[in-house]
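Once you've had a glance at the structure underneath, I'll fire off some questions.
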Amino acid sequence: MKKKSKIKNQYYLPPGSIVSNAISNAETKIEIISFNEDFFEEKVCKNIDELFFEDRIGFNTWINVDGIHNNEIIEKIGKKFNIHYLTLEDVVNVDQRPKYENYDAYNVAFLKLLFYENDILKTEQLSIILTEKYIITFQEIIGGDPFNAIRERLRQAKGRVRKCGADYLAYALIDAVVDSYFIILDEVERKVDEFDLKLQEAPTPEILKQLHHARRELLFMRKSVAPMRELILNMSRDDDKLFTQTTQIYMRDLLDHQIRITESIDNYREIISEMVESYMSGTSFKMNEIMKVLTVISTFFIPLTFIVGVYGMNFDNMPELHTKYGYYFIWLAMIITVLSLLYYFRKKEWL
Amino acid sequence: MKKKSKIKNQYYLPPGSIVSNAISNAETKIEIISFNEDFFEEKVCKNIDELFFEDRIGFNTWINVDGIHNNEIIEKIGKKFNIHYLTLEDVVNVDQRPKYENYDAYNVAFLKLLFYENDILKTEQLSIILTEKYIITFQEIIGGDPFNAIRERLRQAKGRVRKCGADYLAYALIDAVVDSYFIILDEVERKVDEFDLKLQEAPTPEILKQLHHARRELLFMRKSVAPMRELILNMSRDDDKLFTQTTQIYMRDLLDHQIRITESIDNYREIISEMVESYMSGTSFKMNEIMKVLTVISTFFIPLTFIVGVYGMNFDNMPELHTKYGYYFIWLAMIITVLSLLYYFRKKEWL
Amino acid sequence: MKKKSKIKNQYYLPPGSIVSNAISNAETKIEIISFNEDFFEEKVCKNIDELFFEDRIGFNTWINVDGIHNNEIIEKIGKKFNIHYLTLEDVVNVDQRPKYENYDAYNVAFLKLLFYENDILKTEQLSIILTEKYIITFQEIIGGDPFNAIRERLRQAKGRVRKCGADYLAYALIDAVVDSYFIILDEVERKVDEFDLKLQEAPTPEILKQLHHARRELLFMRKSVAPMRELILNMSRDDDKLFTQTTQIYMRDLLDHQIRITESIDNYREIISEMVESYMSGTSFKMNEIMKVLTVISTFFIPLTFIVGVYGMNFDNMPELHTKYGYYFIWLAMIITVLSLLYYFRKKEWL
Amino acid sequence: MKKKSKIKNQYYLPPGSIVSNAISNAETKIEIISFNEDFFEEKVCKNIDELFFEDRIGFNTWINVDGIHNNEIIEKIGKKFNIHYLTLEDVVNVDQRPKYENYDAYNVAFLKLLFYENDILKTEQLSIILTEKYIITFQEIIGGDPFNAIRERLRQAKGRVRKCGADYLAYALIDAVVDSYFIILDEVERKVDEFDLKLQEAPTPEILKQLHHARRELLFMRKSVAPMRELILNMSRDDDKLFTQTTQIYMRDLLDHQIRITESIDNYREIISEMVESYMSGTSFKMNEIMKVLTVISTFFIPLTFIVGVYGMNFDNMPELHTKYGYYFIWLAMIITVLSLLYYFRKKEWL
Amino acid sequence: MKKKSKIKNQYYLPPGSIVSNAISNAETKIEIISFNEDFFEEKVCKNIDELFFEDRIGFNTWINVDGIHNNEIIEKIGKKFNIHYLTLEDVVNVDQRPKYENYDAYNVAFLKLLFYENDILKTEQLSIILTEKYIITFQEIIGGDPFNAIRERLRQAKGRVRKCGADYLAYALIDAVVDSYFIILDEVERKVDEFDLKLQEAPTPEILKQLHHARRELLFMRKSVAPMRELILNMSRDDDKLFTQTTQIYMRDLLDHQIRITESIDNYREIISEMVESYMSGTSFKMNEIMKVLTVISTFFIPLTFIVGVYGMNFDNMPELHTKYGYYFIWLAMIITVLSLLYYFRKKEWL
């Protein structure tokens, strides 16, 4: 649930050093989509210099950089688009918390993609650099993103994304990320419901463990989702006028989704607490009932067993053994013992 | 306590897609009430086109759409009244949190109706679109709403609702929703009181379970009720002047009711916690008392039983068995054992 | 600790309906006190119309209505003083939370009186309507209020209450209510101290139960006291200039008292938690000590009892029984068993 | 940890009644220190009228009233310095929370002195009335205050206190109070450290009790310290220009100390919680280990003891007893029983 | 985890007394680095007067004072640079919380360095005095700081630190401190992961203890880190224009790091709670299972053992013993007993 990709001595580097802590062997993939309302072009290039042979005036351009472990490529892009060294440092350092920052030449948003890999919840850092005409996205992990539906809409000129400018595309990308959180949340919800059912039927320590695990996942998820509120608010009150009035309305919708997710996460955490507590108190109640029975039975029989033990001794000289009614007397004594204990227990309201 | 009506791949749709996640086989029912101070007309139509044959100038009109699973009907209404696609998307997607949003042509409020079905607390989404002369309400579930008293008052020209405009009707509808929360709360209160009584008399794990269940219901209820505060505040500070000065005073009353409900929910949650905790600590105390008795009795008799066991052995050569006072000696030894244990326990303050 | 006087279908009434949910058989008592610096007149009338035969210009008048179950009387008073229907609805509905509201013709404060009846903490709703010259108070329960000292001071022209205007009287009434909270708090404090002492001496589950009960009382009290903060603040920043500069200084004192009570309530709740927790952890510690002794004694004697049981069997063919030193051997075996267990326990640090 | 000096019917008095709830038999001591940069005079008088024979123009004067149970003296001072009745009421009523109030003629600060008496943490109320040239302090308990160092510095003209005006003296007094909190905190810290050590070595229920006691002391301390934040802030933003620019800088330092103390109190409360929890979970773990051993031993030997009991019965007709290998068979049966239990336990991972 | 270097009677000193509570035998080391873009000079002097023989106009100068126990040196520096007595007092008193204060002649920041010494987390106070051209740092402990990378960059003119002014150096120093927190956090993270693994495999009370210890370390760390937020914000909104526009952008980055650390600390504290709780509930579940087995076995065998005990008694007159089928009858009785208990347990759902 946490990545071990940190370079231990990164802390000794001067601020603004572009040294990636993402690890990968694959080659960085650069995808360029240029479009306006009437035009669409899509291209994948691996040679970084290929990217810059022409300026695409009059179009909106989305440059998607898949993989951030190659510092050279990042630096070249940075130089081309006048990106501040601190921004580039944050792009390649995958420990950022979601945030939105204004620079003179551009704005930048850092987000976390969440996905399950082998049933383990993982994060991938997504950085989005916004200028008036360019959207540059950097993805930590090569391959796999929630943007295929957007690409399809761009290709087929469906929805508003081709008509509106780069700002709407930026919104659409972030909206896709937020929507992908709903899918994770549905998965957690499914698990919690399943655990709830199991707890009702046949509770095992395994389920309790998994409930706690689910709560940790929600904690993990919250860390990525909660700071997005500020991110979206900062985007909305953006003074650079990057976002048109039309996109602002969509942004409000986005904020609403973010709040819904955060509330759901908190809600599920409370529900899990409720489940664990309910189960624990139920178990404790049952346990107490069982212990009471053990106590009562033990308390009745232990003295009786002692009494019969006494007369099982083999001493030569035990006068009681040779009386005629001794045996019946002992039974009487034992019955009296039981009755007094019964009386005592009833008085104490233990039975 | 949660609906499973989500369409799993809804998240991949572009923003503003009107695809309902409410499920129903019944036919959508559209109810139109036109009124002013002197006039009242009520009509139910199932053919959607029927709705639009005439413009009702000079009247206030309440259009109540019962059922939101028919996307075609929703879209037609949307087109007629110039409703933004994002609004329509929210109307048909029943996972909204209560909110109030301003658009140019209209304002819209999303609320949750709460009701018990087979003793399970459920929600139904209610969307209210407000324009100067029209109130359009969309109800998720066909049949059953808390508005019959309002309809009756409209028919009989009782109360202020016929005299005041559409804004007062909108207030009255939301007030009816809030009042329906009080009924749910009374039911929860009744249950909690019943559990309290039962806990005093004869606690069972079943009651504990139901207490935890009640707390989850309150959590569930809170999720629907708490965001209404912001909703009502947004309505009150509405800049579009939809609400007259007169209605504003009622709005303040509404806010007061909302706060009372929220505080009551929080209060009951604390009371239930208190009850569970009180019960648990009482049980734990009793348990400890019982355990102490078991311990003491066991601790006294276990050594004694061992002693008598020794002299129940059948060895040929056991000299003690053949002494004259051996039996009496053993009794003495046992009494001394008991007394020393008694002394030890007293010293430790365990008795 | 909660009243059952709710009319279940009150929620279906239109807003502003004056239907009381206070229950009483007694007759409403109306008390009128007119005063200025030089003049004092006191009158009790039961006929409602009697109230209105003369206008009392030049005097301050306090009309105290004891009992709010007679809707007719309330409505008449409302008409006479131009009181809004929503206010009258709140006056007769005893579930209000403390609040202060401004209307054009008057301001109104809703408060809760707290008192013990048969050792049960109960609330009574007090509504205070303030105009420049009139103070109208409505008390839910007939008979018994904390205002006798104020009446006495009015009669005897003691203190500032005769010299100052109606606004000071309003302050004095609310101050008397707040002072009555201190008395309740002292009672709770006395109880908590008593429980603390008892817990030290001889804890019983009964005391734990009463501690939890006291905490619920504090919760109940908090619900009535906490919202008064806003009430007093609203009174202080009153724009209608009902309160003179002189009274404002007293208001600040009032706020200070309210804060002191709220802090004390929270403090006592924390102290009770501390007491319960301290007691529980102490008990748990003692329990563990006792259990350890049981465990050790059981663990020592259970194997020994088995050994002697073996040689108590009556098989014909048990060669050990007939050896000369068999009995002594068995003792040796038992001593070795005890010593090994002792060694094991010591190694595990259980003894 | 709380004083019982309340006069029960004080609540029925009109606001502004000067009736002290401090109890003392000793005589009130009045101490007057007049000083400026070049002059110093110190005088103790017991006759209250002596105080007023001369006006001390050109000097700063500190009047320290030790003991507030003599209402007559308080009233005389109040009349002399034009102190509002509400202020005097608060001065003699020792239940004030720390606060700072502005009046026309003066400002007033109420503080709590904390000290240990017989190992019990107690509070003493200190009221400081500030005018431009006079500082009047009222101390609840006669004798003992943390101001001796200040008196010494005044006498010896050390530090800034002689050079600066009355405002700096007021600051110095409050600073001395805050410094005295550090001493209490050091004492608590010393205790907590001692308990921590003891818990590591040999935990007893006594230590747990004292930890809970320390947490209650911190709660008690917090109640006196936390509201001082607002007090100091109010002093700093004082509009009456009582405090010079120079003293303002010292005030910021004072605020910093107050925050440090509050943070330390909260920190220690968390540390104690941590200690209690750590200890409890450790104990619980050990307990479980011990219980497991008891369970295993009992579970093994209880069935065996039953078996040997069977063949200890004295029935005439028990054929097994007379077979040749019956005894060895029984041993075999017992070994098989043990082995199956062992297998079962291993399978369940209990051993 | 806490230093004992307090001088107990420091509280009785007048405000602004420069008496260090840092303890050391080593000699104070003063290090002077003068630089501008083209020039670099580094010098270590032990004689305090050596420091002041020349004014270094045109350069930025960093004076690093290693050791603050020598009051004479501190006072001399204070006099030279016009530092307020309250600042000097705070510099030598190592109990400051992180803060940033503005004075006329300079600004000052107090920070805490965190480091592990013999596996114990310790703090060292760092005070940074900023003027336009001078940076003066005071370190509590002689030797060891996280600034070697900065010194190296200064020497080799690497990074921006030589080009930018004293303000950037101040930023760089604080950034190095914050980066050193990340290293501590990584260590804690490593430990928590290790404990998590161990808890899964073989939980011991030792691990629980260390988890609680780690949580206390995080608490300790939080105390040093959390107040830095305000410190950095105060630096950013500095009105004295000490920080250039360029450095402001870096400051924003610094704030972001601080937030990340604080969130991580809170996150780890929650994760540890989750781990402890998960482990405890798992253990409790297992315990209950074991107890149930003990209870069942005891409850079955205790009555049986009593029965066989009865017929092991040696009374002369026990008729049952001499009947022909008595022995078989007893077996029957015992089987019936077991079956009834079995039925009872099944009915109660305990098996």
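Think of it as A, B, C, D and E in the order they're written, each chain with its own count starting at 1.
Methods note: a contact is a pair of C-beta atoms (placed from the backbone, for glycine too) under 8 Å apart; a residue touches a chain by one contact, two chains touch by 3 or more.
Here the structure is a predicted model, which means the values were calculated and not measured.
Note on connectivity: the fewest steps through touching chains from chain A to chain E is 1. It takes 145 degrees of rotation, in steps of 5, to superpose the Cα atoms of chain B onto those of chain E.
One finds 41 Å separating the Cα centroids of chain B and chain D.
Shared contact sites, meaning residues of chain D that touch two or more other chains, fall at 286, 291, 294, 298, 302, 305, 309, 312-314, 318. Chain contacts here close into one cycle, and each chain has exactly two touching partners.
The cyclic arrangement of chains, taken from chain A and going next to chain B, is A, B, C, D, E. On chain B, the positions that touch chain C within their shared complex are 149, 153, 158-161, 172, 175, 179-180, 182-183, 186, 189, 193, 249-250, 252-253, 256, 259-260, 263, 267, 270-271, 274, 277-278, 281-282, 284-286, 288, 291-292, 294-295, 298-299, 302-303, 305-306, 309-310, 312-318, 348, 350.
Those residues of chain C lying in contact with chain B across their complex are 2, 6, 8, 11-16, 84, 86, 90, 95-97, 99, 101, 103, 203-205, 208-209, 212-213, 215-216, 219, 223, 276, 280, 283, 286-287, 289-291, 293-294, 297-298, 301-302, 304-305, 308-309, 311-314, 318, 320-327, 330.
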